[in-house]
Each structure stands twice: as structure tokens, then as C-alpha cells.
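Two complexes are shown next, each including chain A; its partner changes from chain B in the first to chain C in the second.
Entry: the complex of A and B
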């Protein structure tokens, strides 16, 4: 069998057999389990969900997360949590998010008093 | 990085679409309203199947795409360039991670995807089956192949599958660094000595055919393609993306007084479309099916990385580990 001759001397030095078919297929769990990653860019800011990593332990998940989601600009903290420890509501209950669209009474902008004050003052001055 | 080609599979012959018509109508109404689809939403069988294929091939392209440029990290001319190239190549591997995660949310495990890459069942962008012979090749790749990838990725980021869009948003931010870094490297050579210009021109001549192949063969709108367009899986035709690329980059290449190896290349002032000699699509098919200058090496390197890293992963695997899928 011939080995790979590459432009990359490191690859050539590996003596990789060209047509080696002996690799066993990977099985599920060969890439461990997944962790969700929460990233804080600035002290005082929120931790935001940025994605996930595959890792064998929380410690390794943290290292991978730092490399994957914190290699640019600034980071002040990262949280990782096993995906399987996150609780979500399934699609079959999606109707629970349906809601009354009219919720102005919960908004600051709903409460307007100025015109009533102006009318009150006008009445007062006229009398 | 990413390139087109045979991204989408032909409709399955033996599969009857048994999607629930009521759910299908709700799904299509959601897409028409411009809403995104999340992993646990109901989706048509064919939507899921084609998206897995699309995102998986994109992920493979990123991880294999790291190899031709990675070759030059140890021989980069100078420390600043070595740092920048290592950062870019690391980004590409990071892109693969993000994209595998997105594909996993559709139900195909990362392990299955890697198996299909190594066995040759899944494809990756054809351009990475060509060698990066000189330092100038890395400059041309980082500028023009990444430019093509950006055209493709910005287009895809407007699609309907939310995890893919989120991954692409992050990827596109990083790609803008790749593009500027690559342009800087090209301009450095183009404005340098005659020898530097010569090595750059030579790289450009060799990369032009793969670049013209990059967006894939002209696709004539089939019934199938219309459905994928309607579902916002396929966002633009291969030819439209190629036109967009030519429009943005050919003038920049000519501005540097470099030439392109196609005497018919010109923008038709009336149609405002670019005219060119069709690249050799038989070569494209041959290379994508395994017979390119570097196919064997690329897969062998990937396979060796899996095989020689296996004992490490086995040592780290805890018996209680449960297989899981990224949340979003």
C-alpha cells in the first residue's frame, strides 16, 4: 500500500495509508454529550445563550466553550450546563403562549394625564 | 467556507410524502409570514431531509476547508501572518462545530455525519480537493474562496431554519475578518515585486476554474427546486450567486492589474449580467465524485485524526454519559 505524499510535510511524516478501510464507524456517544453555553461579554452584563459544545465533563465543556465562544473580543465569564438538565415546554403545548394582544394596561405609555390636568386648570381659571 | 454543487438531493423515488396536509398548510403559512422554524416544530419530511444534507455538507466543507490553508501555518512568512492564518483556520474549524450542532438538532448525530464524511457518502465543497501550492494560494483562497462563501452564507442566513440562521450569523461576522485578511495578503503581493506579482498571478490562474465551479452548475428550476425555495431552504439560484460574486470581485481583481484566464469574461452593459466561458462541468463531476488531486489526502487526514484521537476520547468518556442533542 502507498502512503500519502502531501505538500504538507507534517502529513507526509504521518505515513498515512491511502486506502485504509479498517476504521470502525463511530458510535453514538463517541463525541460525548452536549452542554449549553452562556457567555458574559462585560462585567455587569447578562449571560446570554450562545450555543453548545460536545464535551465529556463540565470542566472540558468549559474549556471548549471558552475556545469556541470566547476567542474574540472580551469575555468576563462563561457558564456551561448539561443540555439534558435544561427543562423546556414541548411543541404540543405551544398554545400556552397564545395570549391577549391588548395589554396596554401593563405599559407606562397607556397612562396619560396631561390633557386632563390642562382641562382642570382651564376650568379652575375660568371660574 | 462553503460552496455549492450538488447540495440538494433528488426527490426520493420510493418515498411517498405522507405529511399531514393540515400541518403542512400551517407550516407553509408560518414560512409565508416570515417566521422561523425551531427544532421541535413540526416540519415536512423532505424539509428535514434536505436541510440535514445542506447543513451537514456545509459543516464538512468548513472542517475540510481548514486543511489546504492549515498546510501553510508552519511556513507562513513572518510571525504576524502566522498568527493571523492560525486564527483564520481555527475559525473555520469553529464554523464546523457550529454547523454540526445545527444539523444535530434535526436528528442526525455528529458521529453519523463524520462516518458519512469519511466513507465518502457525504460531500463537501469541491474547491478543497485542490492543493494550495504556494503562499500566494493561501492569499487567493482567503480572499476569493471566502468571498464566495460569504455570498453563499449571507444568502442562506435569510432561510427559514432558525438554528442554521443563528450559526450563520456568527459565522458571517468572522468571515468578514477572513475576507479582509485575504484581501490584505493579495494586495501585499500585487503591489510588491515582479516575482511577488508573478506567484500571485499563477495562483489566481490555477484557482479560477475551481472558483467558477464554486456555486455549482446552473440549476434549472425544477418542481423540486420551487418547493425548496418556497420553504426557504434554497434562497437563490447557483447562477445568481455566481453573478453576484463576479460583480463584486472581478473589478477588484482587474483594479490590481491582474488577469483572469478567461478571454470571454466581461459584463454585458445591456443585460448587466456577466458573460464567461462555462467552466468544465465534467471535471467538476469527476472531482466531486472522488477523482480530484487531493480527495484521497483530505479524507485520509480526517480519518487519521479520528483514529489516532480515539483512545483519548475513550479515556475521557464517562460511563454514565447519555447521548444528547444541542438545544437550539
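Entry: the complex of A and C
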């Protein structure tokens, strides 16, 4: 009889049989939600997405995020946002992101002159 | 007047030893925490506390002529430690450890906030720097307290019983220090009884928010049941803890890390 191999080694160590009928899934309300974490490394800088945490409330998500993503580097702020509050569209619409080649003129990277503009800006800032 | 070195040492050892021993105790949860994220947060705070004790041991060495922090932390005989019994007790259930963390860090914040105004400048300087770190510990304790004590009947009952167990022990934090009058007169320290009253004012609303009430204490519990630590008399749990903490260092004291 094979036992459950979980990503969490503590679960694996219990040697729970895979078809153990005594273990029923929890009801929906017993699951924590996920929160997305945004970290600011210096004051005035942008908040960068660094990962997510599981938590039962925004306050707790903040507690976890601060230690999980803020303790190894300098931090000036952390945001947590309920993952379900982020609006996007699913993979079934992935073709939306494709561009036809002849529209590249609409992308900033298309212009050859861009590198010269950067050089000018650099010279200008240095002087 | 200024406080004697003996009086300053009594204050610094009591404060630092509380942090070292509780930090070490709480680190025993590493890898066993109830949630991955909480495991990381709790372990990180335990490390904070070891770091806070180091900052105080450094003052003892630099300003008061005591031995180096490693020796002080790991190689003293039990009777030279000045921690309270509260921090010595085993981690018990997570409810007990969380309650101890909540009660202790509330006291720790108030103690350092008072010491930030101390007339002993090196201590005032270090205390101001530690307050921000402990502010997070308080937020962590308050948030968990609210979450678990409002998380249903069983959860509330467990938190109340953890409070009943931990509260009389926590009063040991406020046992009078050796040379306390001298420290108070010199403006180094606010005084243990005053800190205890301030602490009660802070913890009661946070506990009431979760529907938790301070237990009725008998005369002994309200008195000196968990006292002794500030004079070097400890619970049965400290000896083995010190033994374990210093085992690696004692195996080769000359080793270079």
C-alpha cells in the first residue's frame, strides 16, 4: 500500500495511506487564502512583487510577509494584496499577447535611435 | 549620583539573560511551527532576541569590564544567570509559547522604552535601537492573540488556559533586581513594580479584545511563586538548557569560528 508523498515533509512522515477513508478534505472555509507580497527596498522606490504567502487575514499575511521577504535585505515597506483581488485574464486568452511582426514600430524597443537618445541623456546627466 | 558598576551589571544581566534564554527556548520551534510562514516568523524573532542579548553583553564587556559575550552567554555557572523563571520553562504547546511571547515582548518593549531614557548612556543608546524590532514582535503577538482567541470555542479555551498558566509565571519578570533602589535613584531604571503596573495596563486591553481575562491568583501566585531568578535561584529547567547551549563551545573552547 503506498503512502502520501507530500511537498510538506511533515505530512509525508505521517505515512498516511493514499486511500485512507478517515481523512476527508476540509470544508472550503478552512483554507487560508493566498496573498501576493510587494516589497520596497528603499524609500520612494517602487514596490516589487516578490512572491506570496498563505494567511487567514490581511494582518497575518503582513506578519508573515515581513519576515519571509523582508528579513534578508533592507526593507522600507511591504504591501500584501489578496490574490483574488487581482484582476487578469486566463491562459485561454494567451493569444491576446501576441503581436504581428509589422506592428513592432509601436514598441519602444523598435527604434534604432533609442540607443542614441540614451547616450545623449547619459552625457547630459554627467555634465 | 551615579549607579555603581555592581548595580548596572545586575540590570544588564537580568535584561540580557531573559532575552538569551527565551530566544534559545523559542528557537526550539524551528522546523516544528504550525505553519511554514509562522515557523519562519517565530524563528526570526527568536534570533532577534539572541541579537538583543548580544547588544547588552557587549555593553557589559565594553563599559563594565565583564568577559566577552560568548563566555558570558555560554560558560557561566547557572547561579550567575539572572533570567526569570518564566523564560526558562519548556516550550510546551504552541498556545503556551505564543502566550509567553505575547506577555514577554509587551514587557520587553516597555522595559526598553524606559531604558531609552536611562541616565546610563550606552544602555539608552542601545535601547532606542531595539524598540523598532520589538514593535514587530508586539504586532505579531497581538495579531495571533486576536486570531486564536476569536477563532471558535476550542481555540478560545486553549488561549485562556495558556494565559492562566503563563500569567503568574510572567510576574517573575518583575521581581525586584539586586541594587534596584540604587538604579532607580540614579535614574538608570524606572523600577520593577512601576514596569509591572504599566505592563498590566497594556496587556489587559489586548487580551480583552480577544475575550480573554486575567486569571484570579492565589496569594502565592500573586506574590513570589516564580521569583528567585534575579538572585540566581532558578527553576529546574535552566541547568539542562545551559548545558545544551554551551555544548558545542565547550567541546573546543579554543576553536576559531
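The rule we apply is simple: the second predicted complex is superposed on the first by the 68 of 127 C-alpha atoms of A that agree within 3 Å, B and C clash if a C-alpha of one lies under 4 Å from a C-alpha of the other, contacts with A are read in each partner's own complex, and residues count from 1 in each chain.
Methods note: contacts are C-beta pairs under 8 Å (C-beta built on N, C-alpha and C of every residue); 3 or more make two chains touch, one makes a residue touch a chain.
Here the structure is a predicted model, which means the values were calculated and not measured.
Is A:107 contacted by the first partner chain B, the second partner chain C, both or neither?
In the superposed model, A:107 contacts neither chain B nor chain C.
Applying the document's definition of touch, where does A:54 land relative to chain B and chain C: first, second, both, or neither?
Both: A:54 reaches chain B and chain C.
Should A:71 be classified as contacting the first partner (chain B), the second (chain C), both, or neither?
So A:71 meets both chain B and chain C here.
After superposition on the shared chain, which partner residues are touched by A:16: those of chain B (first), chain C (second), both, or neither?
first
Kindly classify A:7 by the partners it touches after superposition: chain B alone (first), chain C alone (second), both, or neither?
first
Touch check for A:63: first (chain B), second (chain C), both, or neither?
In the superposition, A:63 contacts chain C only.
Hey, is it chain B or chain C that touches more of chain A?
So, of the two partners, B touches more residues of chain A.
What is the shared patch of chain A, the residues that chain B and chain C both contact?
8, 53-54, 56-57, 60, 67-68, 71
Residue numbers of chain B touching chain A in their complex, please.
Result: residues 40-42, 70-71, 74, 90, 94, 97-98, 101, 104, 109-112, 114-115, 118-119, 131-133, 166-167, 170, 174, 296-297, 300-301, 303-304, 306-307, 310, 313, 316-318, 321-328 of chain B touch chain A.
Please give the residue numbers of chain A that touch chain B in the complex, ascending.
4, 6-8, 10-11, 14, 16-20, 23, 25-34, 36, 49-54, 56-57, 60, 67-68, 71-72, 82-84, 86, 88, 90-91
What part of chain A is in contact with chain C in the complex they form?
These residues of chain A touch chain C: 8, 53-57, 59-60, 63-64, 66-68, 71.
What part of chain C is in contact with chain A in the complex they form?
My answer: residues 35-38, 40-41, 44-45, 136, 139-140, 143-144, 147.
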